[in-house]
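For reference, the structures are reproduced in the following blocks.
In what follows, chain A forms one complex with chain B and a second complex with chain C.
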Partner chain A sequence: MLTFIVRRTLWTALIMFVITLLVFVIFFKTPGIDPARAIAGRNPSPQILAEIRHQFGLDRPFPVQYALMMKRLFITRDLVSYSNQGQLVLPEIFAAAPATLSLVFGAAVIWVVMSVAMGVAAAVLKGTVFDPLLMILALIGISMPVFWLGEVTNLITQSRLHDTFLFSWVPPLGYTPFTQDPLRWFEGLVMPWLTLSILYIGFYARVLRANLLEIQNEDYIRTARAKGLSERRVLLRHTLRTSMITFVSLFGLDFGVLVGGGALLTEVVFGIHGVGFLTYLSLTNLDLPVIMATVVYGAFFIVLANALVDIAYAWLDPRVRPT
Partner chain B sequence: MPEPLLEVRDLKVSFHTEDGLVRAVSGVSFTLSEGETLGIVGESGCGKSVTMMSVMRLIIDPNARFEGEVLYKGVDLMKLSQDEMREIRGRGIAMIFQDPMTSLTPVYRVGWQIAEQIRAHERVSRQAAHSRAIELLSAVGIPHAKERVNDYPHQFSGGMRQRVMIAMAVSCNPDLLIADEPTTALDVTIQAQILNLIRKLKDDFGSAVVLITHDMGVVADIADRVAVMYAGRIVEQGEKRELFYDAQHPYTWGLLGSIARLDRPKPRRLTTIRGMPPSLINLPPGCAFGDRCPHRFDRCRELPELTDKLGNGHLDACHLGPEQKKDLREVTIHPELTPGPP
Partner chain C sequence: MAAVLEQPGTAATHGPEITGRSPWALAARQLWRNRIAMASLVLFLLIVAVCLAAPLYAHYVAHDNPFATNLTGTTIVNGKRVPLLQQGGGVLRLGETPVGPTWDLRHYFLGADSLGRDVAGRVLYGGRTSLEIGIGSAVICCAIATVIALVAGFIGGITDSLLSRIMDVIWAFPVYLLAISISTVLLTAPNGLQVGPLHLVATSLWLPTLIIAFIYVPYVYRPVRGQVLSVARREFAEAAIAQGASNLRLIFSDILPNVVSVVIVLLPLMIATTILTESALSFLSIGVQPPNASWGTIINDGQDLLYTRPWVAIAPGIMIVLTVLALNVLGDGVRDALDPRAKLRVEG
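Showing the complex of A and B:
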């Protein structure tokens, strides 16, 4: 176990290093990017540009610049935004994290519950019209791009039908912290949750259905029936339980990506100022320190999710447990 | 005559497929008394497993059609609801399958899986079921049962897993144990152990056994009576001695001829049955074995009935007369020992 943790940590460090290096190189090697010009504002004189370059260390050799940025990101933790003068980057990310976590956790609950229900229903109803119907529904869910679905949702709930009893409860776009007003927090997140989860419901329902049908043909399911267990027990305790091995490993990775800022489109469409939104802003402003920080934050969560998946995997499947 | 434990009457099983109707079992009848061991022998795909899976009502393919009666203690299983059937599965009739490597759910401890079956049929506490599982595991010869009860299936070897399967099968004292090729997937050395175990448990628990196999040697070892199946029908059925020493059907002769025997001079090569079993889609009329039979004659175009031609309970489905067969049999089984062209 200890060697596992140590190896894992070393791998994580290596991955982080490579990612940060890549982001750094891509940023500075992309044509037409000059951070100094972005910092300086409109029509700067060459003297001012040179002064800014010197002040931000942009005139120093490449490796030194990289090392300095890493030092300010990880050690002194006082990395400052390029475009927002004086704005410390790390507190900004920590302030944005709760919004992202709220969004992703809620969506994950919906998508797990719904996709298990749909996948199981489709597998059980195989041979009837409901199975293809559910699967077409799932395919539609997968096919709708989040930004489009989000805009349509906003159009309906914020404008067209906002004055009817259906959607009059939907608050204006934006995020209200849970600590400030739990009810408002919930109301404001219902539509984003649904929008974000629909893609995953469709995808997971299809994967789960296929997996369940595959497992239903296994010898041990026949054994379970021959033992005289009820169909319900065979389905829940044997078929579904075994297919959770696949389900959970997929879930862990998707969840990690989303917490790490992958819900960017949903956050932008619904005006939720989370980590994805921050990434979006920093990309439009070419604000390297913020890009760097969000990328590291995202990579951290993805690696963390990976480790958790491995642990969950061992918990779910005794065959992969180290003995 | 006491009521038989199991009586199968004219069982027919067919599957609708894209290529046509597959008649997997076309009219199988047999009876089994309490404590008796019946061996069902035949090549792969002759309907042995489908017959017994149908008895358990374990075929859930929506394209399958069933006809006939399966009387278990006088009750027609074909007419029972799934819930009533569930009461019988695992408690009245238990089944052991061919491949022990895949027959246990990989994510649960073996003891848990045995206890699950016990608790599905009896109102006992978790603890009681667990200790029963330990007793059963040591009864089937698993060393250190107390510790191994908490192991997962992948921590057992194939033979040990089959022992676990057997322990599970006998956990509720079934009247009937169906063993579907229980030794096929195992090493030869383990096969004998498993057969001995089945025989011992049969004696201890007094269960009747139906043993499905393609191995005449296994049947000779353990069965009281034998039914030989070919292309979805029983072609010969009788007491084990009768069947081995006075076989009546040319297909049985072929099976017997293909066993290497140590008590006879060594043949140059073993006899084989030429050809392949027929497709079960659009089976031609007449004797299904006709195309492969070395003694085919005109009447074989008609379907032979399974009847008792010797008058001693030994049934066979062949148009040849008993006297003709006596001459032909030795030539077919042991061509080496008889003069004449091979």
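Showing the complex of A and C:
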């Protein structure tokens, strides 16, 4: 197990190195790109361009440029946004993180509960009309673009049905920090949570159902039944428990992706000023330093989450542990 | 009772001859019998046909140009001629509001957008773009992944581990972040991308197509390489080697035909994924660039009109949902037909 952890950690470090290298090459070395002009934002003055060329060492060799960039990203953390009058980039990202975490945590709770309920219900009710019905619902959930679903939700809850008793409690778009007003925080996040979770409810319900049906034919399930265990106990203690291995590993990956920037579209549509929203704002200004920083930090978070999932997985299920 | 006894006799006298069928024929028959999958195939083809007919609609039915700004135009609602952009609509009664849906195919069926352009025509043209990029990038992605997987799986050794590690790195890079980085950088390039003889300007549809194709390569590479490895070790491949078959012959007549089914199973699901990705990138204004339109850019246009003229944003979304749903259902059907044990899934 220790060898596995060491090897996985080394691999993670290598991946992170390659990702920073890849991001660097994409942003600085793409043919036809002048990185100084790209960093400077729209209509830069010649002084600013010269300053950027000097700061990022653009007239020096490739490894120096890379090292300078990494130093500013991770050690001195003094990357500034030129489109935004010298605003420091990294503190801005860390200030936006709580909003993203609130959004993703809440959505994750909803999608885990709902997808387990749907997946188990569909597997248990196989052969009845409810199984295909639930699976069609799941497919529709997978097929909807999340930003469009968010806009339709806004249309209904903010405009068309806002004056009825159904949605009059929905506050205007935006994010209220938990420390400021917990009730408002909750009310403002209900619709974003539901919108973000629908795709994952559909996806996980389908995976779980397929997994449950596959496991039902295993020998040890037959043994459990032959021992005279109740159907309920077979389902909860044997079938569901085994399918949870796949479920948990998928969950870790998706959670990492969402916190690392995947919740971008939901944040944009609901005006939640999280990390994804910051990326979006910098996209509309083509504010490269911010995009670079959010991409690198987001990717790091995801790679780290993947590594933790793999280690947890190997710990839970010795069969996948390479020797 | 008599009928039951009679049956074996009739079957014995003129029973059908048992004929061999190829696995492809069996799979096709299985798919043909899957009513839901066939219905979704018809729906998908219908959407493709309607979107391809966009110029016909604009020219012969709506008599307008859905790409030309038309701030002073008029249209006919309930027999009365009204301006396309009306002063003081909306909640605040300020500014201009475009005309809403007339539900008349000849006159601004879905209304106009904030530049007075025909939304119905734009949705059709946008669909053409979205489908082109979706299908194009999925096909390119599957082709590249298959070639790399064949090379890696067939040669093995260091080539295999090197290629697989490269794929692992791209896989580890979150899809949207990778797409966002590449798209933004290419959009800042004043003269577009120039690699050797290849020259792409920022408004070219090839740009989003290639970016989306690139980011999904590892998702197709992994299952295909697995299949190549397992096929290359089967008895018929060994038999071919024993008979002195050349490497090329081995790849093209023994391995490739057994790998194609994997790609065919993945293709509809990949198209569904790439269409969703394209719409998301275009919504973020880093996918399809004006003057081109796609379903994603139209939803983006409709964002400002959401509470006054919601159909601008709703209509293209409905088209996306229908298309992607049809492809997902079709993909499930193809998988049931070709891969009954459902080993292949698009993870992501």
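In this text, the second predicted complex is superposed on the first by the 267 of 323 C-alpha atoms of A that agree within 3 Å, B and C clash if a C-alpha of one lies under 4 Å from a C-alpha of the other, contacts with A are read in each partner's own complex, and residues count from 1 in each chain.
Here is the rule we use: a residue touches a chain if its C-beta (ideal position, glycine included) is under 8 Å from a C-beta of that chain, and two chains touch if they have at least 3 such contacts.
On a predicted model such as this, the values are computed, not experimentally measured, just so you know.
Q: Put chain B and chain C onto chain A via the superposition and say whether they clash or fit.
A: After superposition on chain A, which the two structures share, chain B sits beside chain C with no clash.
Q: Report for A:Y220: first if it touches chain B alone, second if chain C alone, otherwise both or neither.
A: A:Y220 sits against chain B, while chain C stays out of touch.
Q: Under the stated touch criterion, which partner chain does A:P172 make contact with: chain B (first), chain C (second), both, or neither?
A: So A:P172 meets neither chain B nor chain C here.
Q: In the superposed arrangement, which partner chain does A:H238 touch: chain B (first), chain C (second), both, or neither?
A: The answer is first: A:H238 touches chain B but not chain C.
Q: Thinking of the overlay built on chain A, is A:G228 touched by chain B (first), by chain C (second), by both, or by neither?
A: A:G228 sits against chain B, while chain C stays out of touch.
Q: Please name the chain, chain B or chain C, that touches the greater number of residues in chain A.
A: It is C that touches the greater number of chain A residues.
Q: Output check: A:P63 vs chain B and chain C. Expected answer is one of first, second, both, neither. What do you get?
A: After superposition on chain A, A:P63 lies in contact with neither partner.
Q: Once the two structures are overlaid on A, work out the angle chain B-chain A-chain C from the Cα centres, in steps of 10 degrees.
A: Value: 80 degrees, nearest 10.
Q: Tell me which partner A:G127 touches in the superposition: chain B (first), chain C (second), both or neither.
A: The first partner, chain B, only.
Q: Would you sort A:P46 into first (chain B), second (chain C), both or neither based on which partner it touches?
A: In the superposition, A:P46 contacts neither chain B nor chain C.
Q: Could you say whether A:R319 touches chain B, chain C, both of them, or neither, answering first, second, both or neither?
A: Only chain B; A:R319 stays clear of chain C.
Q: Measuring by CA atoms in the overlay, how small does the chain B-chain C distance get, in Å?
A: 8
Q: Considering only the contact definition stated at the top, list the common interface residues of chain A for chain B and chain C.
A: After superposing on chain A, no chain A residue contacts both chain B and chain C.
Q: Under the touch definition given earlier, write down the residues of chain A that touch chain C in their complex.
A: Interface residues on the chain A side: 15, 18-19, 22-23, 26-27, 30-34, 37-38, 139-140, 142-149, 151-152, 154-155, 158-159, 207, 210, 250, 257, 260-262, 264-265, 268, 279-280, 283-284, 286, 288, 291-292, 294-295, 298-299, 302-303, 306.
Q: Quick one: in the complex, what on chain C touches chain A?
A: Residue list for chain C touching chain A: 168-169, 172-174, 176-177, 180-182, 184-195, 272, 276, 279-280, 283-286, 296, 299, 302-303, 306-307, 310, 313-314, 316-317, 320-321, 324-325, 328-329, 332, 342, 345, 347.
Q: Show me the residue ranges of chain A that touch chain B in the complex, using the header's touch definition.
A: On the chain A side, the touching residues are 127, 218-220, 222-231, 233, 237-238, 241-242, 245, 316-319.
Q: Looking at the complex, which residues from chain B come into contact with chain A?
A: Interface residues on the chain B side: 56, 58, 60, 62, 82-83, 86-91, 94-95, 97, 99, 102-107, 116-117, 120-121, 152, 154, 165, 168.
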